[in-house]
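Labels A, B, C, D, E and F are assigned to the chains in the order they are written; within every chain, residues are numbered from 1.
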Amino acid sequence: MKVSARNQLPGKVTKIEQGMILVEITIELDGGGELVSVITKGAVENLGLAVGKKVYAVVKSTEVMVATD
Amino acid sequence: MKVSARNQLPGKVTKIEQGMILVEITIELDGGGELVSVITKGAVENLGLAVGKKVYAVVKSTEVMVATD
Amino acid sequence: MKVSARNQLPGKVTKIEQGMILVEITIELDGGGELVSVITKGAVENLGLAVGKKVYAVVKSTEVMVATD
Amino acid sequence: MKVSARNQLPGKVTKIEQGMILVEITIELDGGGELVSVITKGAVENLGLAVGKKVYAVVKSTEVMVATD
Amino acid sequence: MKVSARNQLPGKVTKIEQGMILVEITIELDGGGELVSVITKGAVENLGLAVGKKVYAVVKSTEVMVATD
Amino acid sequence: MKVSARNQLPGKVTKIEQGMILVEITIELDGGGELVSVITKGAVENLGLAVGKKVYAVVKSTEVMVATD
């Protein structure tokens, strides 16, 4: 499957924190830096996510803001 | 101002494409890789965005999905 | 690629309306009913979208609201 | 109340899973297929949601992505 | 229709700026302050929006960030 | 830091409800009215949020819908 979301950054799962409905996934980007994602427990199971797994952080461009110092 | 959005990746504006209401900003991340952001023309003016400017790409963690190959 | 977004409804593109930055895609769902999506022109080109093409409408579950009469 | 969100698909609640702050609602669409929604516990109470209740799944068009096989 | 989005602030449309696909609506809140909304042209027509019209600005709680000075 | 999100309403935290991953923050707006925000526990700690604290509710304009009676 190829998805329209323009931002698809490769990385590796470094932490998984379980809630009751949602799960917080920390992804270390291949280029350096980290991204935090919150997805459902069902999605974590569907993808078989585990610490160390190679993944992409995917973000729709209308969800990306810009900030300046 | 300090904002709750967990993801704030440093980079540099490399392209600005103007629409009538919205503007597409391409950001080259310091760590490598690119992010595309779509924000309003008003926001671009408020921040004084221009090609070459140092910025942060900011994303709320509930907006980050995870994908696998 | 397999993406975490829980909602992936199969359908067919029935209309494409071009803006300068964004494009409005109308999708007739296989199960009946229509969905409207707004994505970037770049995404439309990446996916080679055209009227008649089989696609999935993909939505992160935190973006789905519920309403009652 | 009439809301601007372009996507309002009729269906029926088939499952409710409670978290501490958020609740996962599964909706069987009238046209076939399922949608998963994550909303606050407060919203579930405001709407009096329960399994079997007729509802609409509501999604803003800028939140709908498109994917291809 | 009653929608799950927890934030529904009453106000009045004070400005409408047309793009090709999207429209920027400025809403003066009854309590003071302004909100800017970007919705599709189709939604503006469905709701019959015009300057001066009484409306609600509606936001899902997972889309609200918090910032400090 | 100055962020592109067009909507930044000043207020005061009046309630904090803890989940395992996410936290629900109620903000009383200076202009009157309330907003509910759901952010991660990590964000609450980063900002040192507590009841009584002066904050801004921040919303990207593409996340604001419009409704009519």
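Basically, a contact is a pair of C-beta atoms (placed from the backbone, for glycine too) under 8 Å apart; a residue touches a chain by one contact, two chains touch by 3 or more.
Owing to the predicted nature of the structure, the values given are computational and were not obtained by experimental measurement.
Participant: Which neighbours does chain B have in common with chain E?
Facilitator: Output, common partners of chain B and chain E: C, F.
Participant: Among the chains, which is located farthest from chain E on the basis of C-alpha centroids?
Facilitator: Centroid comparison gives A as the farthest chain from chain E.
Participant: How far is the middle of chain A from the middle of chain F, if each middle is the mean of its Cα atoms, in Å?
Facilitator: 23
Participant: Roughly how far is chain B from chain D, going centre to centre by Cα mean, in whole Å?
Facilitator: 29
Participant: Of all residues in chain E, which are in touch with two or more distinct other chains?
Facilitator: Expected reply: 1-6, 8, 19-20, 22, 24, 36-40, 42-43, 47, 56, 58, 60-63, 65-69.
Participant: Linking chains that touch, what shape results: line, ring, star, complete or other?
Facilitator: Other.
Participant: Can you work out from the touch definition every pair of chains that touches here?
Facilitator: A-B, A-C, A-D, A-F, B-C, B-E, B-F, C-D, C-E, D-E, D-F, E-F
Participant: Would you tell me which residues of chain A are touching chain D in their complex?
Facilitator: Touching chain D: residues 1-5, 19-22, 40, 42, 60, 62 of chain A.
Participant: Where on chain E is chain D touching in the complex?
Facilitator: Within the complex, chain E contacts chain D at residues 1-6, 8, 37-40, 42-44, 46-47, 56, 58, 60-62.
Participant: Can you list the residues on chain E that touch chain B in the complex?
Facilitator: 17-20, 22-24, 36, 38, 62-63, 65-69
Participant: What residues of chain F sit close enough to touch chain E in their complex?
Facilitator: Answer in residue numbers: 3, 5-10, 13, 24-25, 27, 29-33, 35-39, 43, 47-49, 53-69.
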